[in-house]
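Here come two complexes built around chain A, the first alongside chain B, the second alongside chain C.
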Partner chain A sequence: MSFLKEKEFAIILFVIPLLFLLFNYYTGIENAAASELIGWGSILWNFSMLIGTYTMFKYLATNLVQRKKDSEYSIILFVSFFSYLYCMYAYPAGYDFILSSLQTPLGFGLLVSQFTTYTLLFRGARTRNWLGVLLLISAIFYALSMIPIATRTWVGFQIIGTWINNVPNAGVMRAITIGMGVGLVATLVRELTGKETHYLGG
Partner chain B sequence: MILPGKNLDLILLAGICVVIYVLMRRAERGILPKMRKIPLMEELDYIVGRAAEMGRPIHFTTGYGGLHDEWAVMCVAGLSILGKVAELCGKYRVWLQFTCFRGYLVPIGQDILKTGYEKGGNPEMYSDEMVTYYGEDQVAYIGAIINYFETARPAVSMIFGAIQMEMNQILMQSARYDAISLAGTPRLYYQGKMAMMCDYCLLGEELYVVGASITGDPVQLACIQGEDWFKILVLVFLVVGAILTSAGASKLFTSFLGW
Partner chain C sequence: MSEVKMAEKWYQSAATQEYLVYFSVILLSSVLLLSPVAFPLDITQSTIDFVQAIRSIPDGGIMLWDESNFVTGYYTQNQIALYRLFFDQAKQRGVKIIFISSCVDGPMAGAMINKQLEIQDTTGLTYGVDYVNLGWLPGFEIVLSAIAKDIQTVTSADAYGTSISEIPLMQGLKTEDIDLFAFNCGVSCDPWMRQWVPLHKPLLMTGGYSLIAQAQGYIQAGSITAYLNGSRGYVEMERITGYMTMQTALFEATNIMGPFSVLLVILTNVWYMLRKRRKREA
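After this line comes the complex of A and B, so read on.
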C-alpha cells in the first residue's frame, strides 16, 4: 500500500499512457484504445471536481460551526446547492427556471460589465514608455477599424487596423505559438523523466 | 511503421527531447545557463515587502487553465511562482490568498503555500483558508474575485498561468483599488491588455523563464536553454524556407516539411 502513496507510482501512471498516446499519434496503431484513454482524462477531471466540492463544503461548514464573519453566506450556498441538485433530478421545471431565469441572467449581468472593462483598458492603460504608447495607438486604430462609424469617417482606420491585425499581430501570434509548443515539449521531457512533480503538490 | 507526413515531426520531437535531457543532466551537475534579468523577478521582494508595510494581503490566481488541459505548462509555471511568493509572504508575514479555478488545485495549492510559509520561517501563519475554490464556473470565479477585492482590498494582485477573460476583471479591480498588478501568460489574446494595464508583466515565454529562474531549479533552467536551441532551429527553418521560396523551390521545402 505504501508504494501507492509514493510519487513514483503517480508518475508511472502518467508516463505510460503518455507514451502510448505518442506511439498512437505517430503510428496510427490502436486508435480505439487511444480514444478510450483520452476519454479517461475527462472522467478523472470529473473526479477532481469532487475534490474541489469537498474542500469547499469543508471550508464553509467550518465557517458555520465556528460562526466566522460572513458565515451566513455559507447557508445561502448550502441551500442553493441542494435546491439545485434536488430540482435537477426531482423537479425539472424548477431546474429550468433556475437555469434560464436566474443563473443565465446573472451570468449575463456580469458579462455585460465587460463594457466597463474594455473602456478601462483605455482609461487604465499605463503608458509609461514609447512601447506602451505604440501599443495603445495600435489598439485604438484596431478598435476603430471594427466600428462602422469610424470607417465611414476615414477609410484609413480600416486600412491601418487591418494591417496591424494581419502583419505585426499575426507575426507575434506565430512566434508565441512556437514558444508555447516548445514549452510543451520541454514539460513533456520533464514529466517523462519524473522531474516535474508540481501536479503532485509541493 | 511511422505514418506518412510524420517522419520529420518525430525526428524533431526526439531531437529536442534528447537535447533537453542532455542539458538537464548537465545542469544537475552544476553547469547552469545564464538568464537575463527580468524586472518582475528583481522587484518581487520589494513588492511583497510593500504589501507587508501596508498590512494588506496579496491575491494570487493561476487563471482558467489547469493541469489537465493544453495549458498545463502555463499552470505549472504559475505554481512555481506561487511557491516563491508564498516563501516571501512567509518571510514578511503577509497573507497570501490563492484563488483556484480547478478543484484539484486546492490540495496542491495548500501544499505549496504550506511549504512556502515554512521556508519563509513563519509556518504558523499558514491556514487552509488561504486557498479558495468557488466551483468551475468562470462567471462565479470572476464574481468571487471581484468580491475578494471589494472586501479584502489586497495590496498586490498576481495572475500567472493560462489566463482567460478573468484577467480583464482582475486588472480592473487592481486599478480600482490601487493594487500593484502583476500578470504573466503566454496566451495570445491577452498580451496587449496585459502590457498596457499591468505594473509588471511577463510577455510570452517570460512566464516559463521566470517560473524556472525563480525556483533556481536546474532542471527547469536547462529546459529553457533547450527551448532556446530549438527556437534557433525554427528560425533556421524559417530563413531557409524564405530563401527557397524566393528562389522558386518552394515545392522542395514543402515536401521536406511534409516528410
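After this line comes the complex of A and C, so read on.
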C-alpha cells in the first residue's frame, strides 16, 4: 500500500502512457488502444473540473463561515451556480432564459469595459524609455494600418503597418514558437527521466 | 510640512478628465453607429482568399467549423454573416457542415452555435444530413487531437443527444473525408496548428487582431490557408458577400475611435514629457 503513495508510482503512471502514446504516434501500432487512452484523458479533464469546482466551493464556504471581507458575494455565486446547473438538466426553459436574457446581455454589457480601455490609454500609456517609444510607435502604425480612414489619409500607414506585422512581428512570433517547441521537448525529456515532476503538484 | 498644497481646479480632477474621455467616445462612436457613412474599404487578400476557400469546397464536400466565439458575436452579428456564407454553400452546392466547439473557455461557445442555428435560414436543408451540431466538448486540445485522428471518436452523441451512429452525415465519416477545416480562435492558435496542420487540408482561421498577429509565423509558412483579421476581416467578408450586419456599423464607429485612441496616447505622452521637464527645471 505504501508503494502506491510513493512519488515513483505517480511518475510511472505518467511515463508509461506517455511512452505508449509516443510509440503509437510514430508507428501507428495499437491505434484503438491509443484512442481509448486519449478518451481517458478527456474523462480526467472532466474530473479536474470537478475537483476545481469542489476546491472553489470549499474556499468560498470557508470564507463565508469565517465572515471574511466581501464573502457575502459567495452566496450569489452559490445561488447562480446551482440554479444554472438545475435549469441546464431539469428545466430547459429556465436555462434558455438565463442564456438569452441574462448571460448574453451581460456578456454584451461587458463591452462597456472598452471605455476603461480608452481612459487607460489616457492615464497609463506613458513611455519611460526609448524602447517603450519604439513599441508605442509600432503599435500606433499597426493600429492605423487596420483603420480605413487612416490608410485613406496616408498610404504610408498601410505600408509601414503591414511591414511591422509581416517582418519584425512574424520573426519574433516564429522565434517564440520555436522556443516553445524546444522547451516542450526538453520538458518532456525531463519528465520521462523523472527530473520534472511539476504535474504531481507542489 | 511647509509645502502648501494647491487646491485642485475642477478641470484638473481625474474624474472630470475621465468623463470628458467617456463623452468624446460616446459622441464620436454613436454618430457613426447611428448613421454609418460607409467609409471606402480596401479588401485585403487574406479575406478574399478566406471567402474563396469556402466557395471552393468541392460540390457535396464537407467542412468542419470549430466555434470559439461567445454570444457577443451573435449580438454584434459578425458570426451571423459567416454562418450564412456556410449555409449558402450547403444550399447551392450541397456542402455538408459539421459544427463543433472545443472552446477552452466552456460551453458558451456551444450555446453560440445553437443561437446561430436558430436564426439561420436552413430552408431545404435537413439536420443530420446537410449539417450537424456536435456541440461543446470538454478537453480542448484532446478534442482537436481526436478530430485529427478519427472524428468518430470525438463524441458518442450530437449536441441534442442523438447517437452519432443514427446521424446520416456522420455514418462512416472519416477525418480524411473532410475537405476544409476552419476555426474561430479565442486563444493562441498553436493547438490547432499542432493537431490539424498535419492533415494537409485547407485550414481557415478567424480571430482578433492580436491573435492573427501571433499567427503570422504559421500564415507565412502556409499552414493557415486564409484568415479573417479581427473585426475588419469580418467587415471585408460582409462587403464581399453582401451580407451587411451591425458589425459594419460597429466597425465604422471603431474606424473613428482608432485615431482618437492614438491621439489620447500622444497627448498623454506629450503631457508627461512636459511635466517631467518642468519638474527638472524647478
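Throughout what follows, the second predicted complex is superposed on the first by the 187 of 202 C-alpha atoms of A that agree within 3 Å, B and C clash if a C-alpha of one lies under 4 Å from a C-alpha of the other, contacts with A are read in each partner's own complex, and residues count from 1 in each chain.
Simple rule for what comes next: a residue touches a chain if its C-beta (ideal position, glycine included) is under 8 Å from a C-beta of that chain, and two chains touch if they have at least 3 such contacts.
Remember, predicted model here, so these are calculated numbers, not experimental data.
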item	value
First, second, both or neither for A:P148, with chain B first and chain C second	second
Contacts of A:I160 with chain B and chain C, given as first, second, both or neither	neither
Which superposed partner A:L136 touches (first chain B, second chain C, both, neither)	both
Chain B versus chain C as contact partner of A:I98, first or second or both or neither	neither
First, second, both or neither for A:L37, with chain B first and chain C second	neither
Touching partner for A:T55 - first (chain B), second (chain C), both, neither	first
Which superposed partner A:C87 touches (first chain B, second chain C, both, neither)	neither
Touched partner set for A:V15, first chain B, second chain C, both or neither	neither
Partner chain(s) touched by A:V185 [first = chain B, second = chain C, both, neither]	first
Common ground on chain A, meaning residues reached by chain C in one complex and by chain B in the other	41, 45, 49, 107, 110-111, 114, 117-118, 121, 124-127, 136, 173, 177, 180
Chain B - residues contacting chain A, complex	1-3, 6, 9-10, 13, 16-17, 20-21, 24, 67-68, 70, 72-74, 76, 79-80, 102-108, 110-112, 115, 128-129, 131-136, 139, 142-143, 165, 168-169, 171-172, 175, 186, 188, 191-193, 195-199, 204-205, 208, 219-220, 223-224, 226-227, 230-231, 234
Interface residues, chain A side, partner chain B - complex	25-28, 41, 44-45, 48-53, 55-56, 59, 106-107, 110-111, 113-114, 116-118, 120-121, 124-127, 131-132, 135-136, 138-139, 172-173, 175-180, 182-190, 192-193, 195-196, 198-202
Interface residues, chain A side, partner chain C - complex	31, 34-35, 38-39, 41-42, 45-46, 49, 99-100, 103-104, 107-108, 110-111, 114-115, 117-119, 121-127, 136, 140, 142-144, 146-152, 158, 165-166, 169-170, 173-174, 177, 180
Residue ranges of chain C in contact with chain A within the complex	14, 17-18, 21-22, 25, 39-42, 70-72, 74-75, 108, 111, 115, 138-139, 142-143, 145-146, 149-150, 153, 190, 209, 213-220, 229-230, 232, 254-262, 264-265, 267-269, 272
